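See below for the structure under consideration.
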Amino acid sequence: MKLRVINPNDSQLMTEMIAHSCRSVAPMLDIDAVCAGAGVASVEGFYDGARATSGVLDRIAEGETAGCEGYLIACADDTALHAARELAQGPVLGIGEAAMHAASLLGCGFSILTAQQKSVHILASNARSYGFGVHCQGVHAMQLPVLELEHSDNTDLQANLIQRAQQIIAQDHSEVLVLGCAGLTTQQPMLQQALGLPVIDGVRVGILLLEALVRAGLRTSKHCSYSRAG
Amino acid sequence: MKLRVINPNDSQLMTEMIAHSCRSVAPMLDIDAVCAGAGVASVEGFYDGARATSGVLDRIAEGETAGCEGYLIACADDTALHAARELAQGPVLGIGEAAMHAASLLGCGFSILTAQQKSVHILASNARSYGFGVHCQGVHAMQLPVLELEHSDNTDLQANLIQRAQQIIAQDHSEVLVLGCAGLTTQQPMLQQALGLPVIDGVRVGILLLEALVRAGLRTSKHCSYSRAG
Amino acid sequence: MKLRVINPNDSQLMTEMIAHSCRSVAPMLDIDAVCAGAGVASVEGFYDGARATSGVLDRIAEGETAGCEGYLIACADDTALHAARELAQGPVLGIGEAAMHAASLLGCGFSILTAQQKSVHILASNARSYGFGVHCQGVHAMQLPVLELEHSDNTDLQANLIQRAQQIIAQDHSEVLVLGCAGLTTQQPMLQQALGLPVIDGVRVGILLLEALVRAGLRTSKHCSYSRAG
Amino acid sequence: MKLRVINPNDSQLMTEMIAHSCRSVAPMLDIDAVCAGAGVASVEGFYDGARATSGVLDRIAEGETAGCEGYLIACADDTALHAARELAQGPVLGIGEAAMHAASLLGCGFSILTAQQKSVHILASNARSYGFGVHCQGVHAMQLPVLELEHSDNTDLQANLIQRAQQIIAQDHSEVLVLGCAGLTTQQPMLQQALGLPVIDGVRVGILLLEALVRAGLRTSKHCSYSRAG
Amino acid sequence: MKLRVINPNDSQLMTEMIAHSCRSVAPMLDIDAVCAGAGVASVEGFYDGARATSGVLDRIAEGETAGCEGYLIACADDTALHAARELAQGPVLGIGEAAMHAASLLGCGFSILTAQQKSVHILASNARSYGFGVHCQGVHAMQLPVLELEHSDNTDLQANLIQRAQQIIAQDHSEVLVLGCAGLTTQQPMLQQALGLPVIDGVRVGILLLEALVRAGLRTSKHCSYSRAG
Amino acid sequence: MKLRVINPNDSQLMTEMIAHSCRSVAPMLDIDAVCAGAGVASVEGFYDGARATSGVLDRIAEGETAGCEGYLIACADDTALHAARELAQGPVLGIGEAAMHAASLLGCGFSILTAQQKSVHILASNARSYGFGVHCQGVHAMQLPVLELEHSDNTDLQANLIQRAQQIIAQDHSEVLVLGCAGLTTQQPMLQQALGLPVIDGVRVGILLLEALVRAGLRTSKHCSYSRAG
């Protein structure tokens, strides 16, 4: 099964981190991980997401030609998600969406930890749109630029992450933590170990949910909203 | 990976149909399909679900001892879901829940087709509780007893199902159809073919989502609501 | 008028406290207070509630035979409420439900004080399901085991309760306090006196609302969801 | 126990009908039924309700002096409800509100039948504000002027009412009918008998709920919103 | 274009402040600013608003005769708004409503600063009713009587306002501040300058939105809810 | 005051129609109407909107350099709205959004008439996101391609529009009609005349609301979500 993973930003290093996480949980899949190529260094807010959109769509169009059976958009704001569904025949998931779905199945209430305050409103609004307005008990920023997260072996960063996550879980009375940033993908095992509760990385869970949908014989509905006019 | 599938009613034939659907999409898994054994012939409404609860929980308890890594509750009303999560270490999904999650990822709005009018309120209420109050654009009964659905090769039944489904999709302006009854599991391929849009059988998609959560290293949160006091 | 009060847990002492509260506000009624008899020492969370369910239903079935005209389920999680309504001809109320209805009529926003953190999500979820998602401004735990509340003359406990309640009212900007635990029933007069605002004990208000429904000639609707198939 | 019932319109005949309904279910109470006296012949829409407001408040003020322990506002739009609570020490209920609360306890979903289309939005908006936005499955007009309802022995009117009610219940898949007009109070027994499901008259259930709150020792919260500044 | 501005309270000084704000942003309009004349010194809570209602309606009725093309109700609780629409042909806006609409267009989430705690629930409830339940991230009181705000050159007051506003913005993570009290109208330029984000005075933005609706050729719908029966 | 109006599609004829509507209600403004220039012939669904996004943003960036004080995005789906706000200093409105705000102020419930079924979900989802999930009582398609609407003097088209609008108003019990398509802008006066209730063209009301915000001294908040990082 060939699935394409599209990183909306153009960091090759982050794309490799994302591909690595996908392969760690789904070693049998043919994972084709690419940058969107729209010239956005990192997606921080509405404008970056809008500018990355055309790149995401171009990579979907390529994927259709290349026989990809499904797509994972690897940014927590789920860049260009609905437009991508209009273009693709197979299922399309965003990592923000995938993580929230999984979180709602594993505990009564989750919190989202994202990189910057600018993303908080976007993720909270997405949570409501997906149906998780009640389940999502808080969205919080670490106040770190996304690209710093690439240095995953930084132990100070790890200690800060654990402390911030514990504080959020306590404050929100949440039972699951969602990582609201692709750059946190490598931290999931460490954080889950440290916190003692489910920590959801949308990259890992997203590629597996995508595989599940394809194996179930399900594709994007072409009945109305996601149809492409002739 | 050993996953247990629990049919809340005590129809052995329906349990076999459910097991068959699971194995058709997940042939590599060790699927352990059982009846709840609570003496409920078919779950039609609140009372039947309540009476089946203790059987579902007993089967979860057994599964924990037997090393099951996850559980699928194979009734569209997701019988005893939250209590089961308190008992299990691994993830627990209901087929109603699993189907709705999948449906919301594949189109803008879904409808649910269930067996009897008595289940309509239960499924609509569950949809709201899971977060899909807006995505679920209608819940409709076929007005058939659940056990009649065991005769899956009845062509009159199939023609009736197709016609009813088409009417529901048109009336609700929906883009995806959810089968709100385990007894419809064998009809999914036929209905999806006939309707030309995604038809979600919670049994098939549920076992695959469950596998995905386990492979992602995720278990039920034991932080508060689903913890078991000493 | 004969009304049955069912305590889902099997504490005879708590059942007596509950009966006493009912009789203190409704001395003319024939109050038949019983334990569910399902072997649950105290209902703390989803699992306990699920295990108590069959006992609650058995007591309803008995009551129907004995000519009871209505039922009060005396646990704040409203154990088995919908299934009980399917079985009974007269009205069935839960004390959690009754208390929230009363609270929403007496002030702009209420808070719920419950025994343990494990019950917080259940009561908050029930509040949303009943329609009080906006009116309920917070659910908070005392962090006490339910059975300790039986010792109602403990003045340290009373001082702690008052202080915790005051803190909750201030934090939530609430105008009414709901006691989210049957074990708090004896504390209602003391707490209302101390706080100077309405304190709602679902036992007291529940038995009176139940009487009101019966006197108004109203019974549970048997039109669809709460009907019992032949 | 002395309870005051205030009819916001100035029809003495309707006030007598209302008083009669109250006394039929609560013969032991001292029921003091009065017209608001604000010069509004019948409350049909926002403007009439606003003009009746000062009369309702004057009657509450009088009642406080006269030792009334609670108040029922006998118009389905619950005229001046929140302002009345600011003035009164005891509980204040509106009949629209009381009927919706009762309806939500007796079936899964109710419909409201009101006199005129102009009231439909008001009652639907009140339903949402009280928390019953989901429970209330439809508000429908009979298209009759309120005052014609005074002629309760008109058999053509009764046949029309039954037919309209049956149509609404079928269309909304509702399980309980709420009478959204005080003028329908005398029709409740006939309609409940004819429809075979609970029919809620806010006058009857309202006076009993009010009595229940008073007997429970509960009064309007004076903590903030309903307090009166010195 | 002749527009009437109605101050529900009877403070002539506050009416002049309100008129001054209107003229400062709309110098070309014929602004007719009047007190409601209902004998309410300042509108603080439900009761005051209810008592001011008849005065507001009388001033609308006068305005209709005098050829006013639209109305602004200059109290943050939008006193008598729906009844006024039933009476007027042109559009009717409340300043609370106008300010919230504008705020939702300028940032992701707003907070409301009002005078007294008694108004908090009213404004929060209005926000939900208008559709801004999610956009409005908090309503907070200054704890000042409305009439003290007339002394707009008080520098201590200004420093307190700035500090309270900064605290609210930080606590709520809001991006826009709404002034929830007509008495704050003169403070808008100062506060906007000090805070560095949009500060919405419903008086200023309300008169301009009203003008916009009239210039667009739009009047209050007389199709059903706001129609006046013959 | 210089305001820029951006038509996300590249129809010069439609841009002229839009500019004409703006000037008809705001003759004193300096209206700068442009096509987005992204190569999208007409915006019909998610994909077209996503592809038009970069063009809209480029035109905003130009406008900032040219001293534009505000922007109107002239497509009913409010293409690129949030990203545009991040780029602009002045206010940015979409015509869909502007029309819904105006509609909610003029009647109790509105319906939206759009061109194609593919847009129905988008507009309904936007309505919910803006807060009008309850006020918007239906979104309906005419089933016409957008570009056919350019031929505004077609009397058959007009008769069809009137008939369809009347049907929608009756079915939804709505009191205001929103035109959910810029191509309908020229039909507003005809439709409002024919229907006898407010018909909202987001182009006309949008340019006036934009002018109102600028005249009120309000700009887009740069506090967090709409800020641009250095």
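Going in written order, the chains are labelled A, B, C, D, E and F, and every chain counts its residues from 1.
Convention: a residue touches a chain if its C-beta (ideal position, glycine included) is under 8 Å from a C-beta of that chain, and two chains touch if they have at least 3 such contacts.
Remember, predicted model here, so these are calculated numbers, not experimental data.
Taken together, chain E and chain F share the touching chains A, D.
Number of steps on the shortest path from chain A to chain E, with steps defined by chain touch: 1.
Taken over every residue number at the interface, the positions common to chain A and chain F amount to over half, indicating a same-residue contact.
Mean C-alpha position of chain C lies 27 Å from that of chain D. Chain centres here are Cα averages; for chain D and chain E they lie 32 Å apart.
Work out the mean CA point of chain B and of chain D, and you get 42 Å between them.
Shared interface positions of chain C, defined as residues touching 2 or more other chains, are 108-109, 117, 120-121, 125, 133-134, 173, 224-226. By the definition given earlier, chain contacts exist for A-B, A-C, A-E, A-F, B-C, B-D, B-F, C-D, C-E, D-E, D-F, E-F. Against chain A, in their complex, chain E makes its touches with residues 108-109, 134, 173.
Taken together, the chain F residues at the contact with chain B in this complex read 117, 120-121, 125, 128, 133. If you check the complex, the residues on chain E that touch chain D are 44-47, 49-51, 53-54, 57, 80, 82-83, 85-87, 117-118, 120-122, 125, 129, 224-229.
Those residues of chain D that touch chain C in the complex are listed here as 25-26, 91, 93, 97, 101-102, 104-109, 130-135, 169, 173, 175-176, 189, 192, 196-198, 200-201, 204-205, 208-209, 211-213, 215-226.
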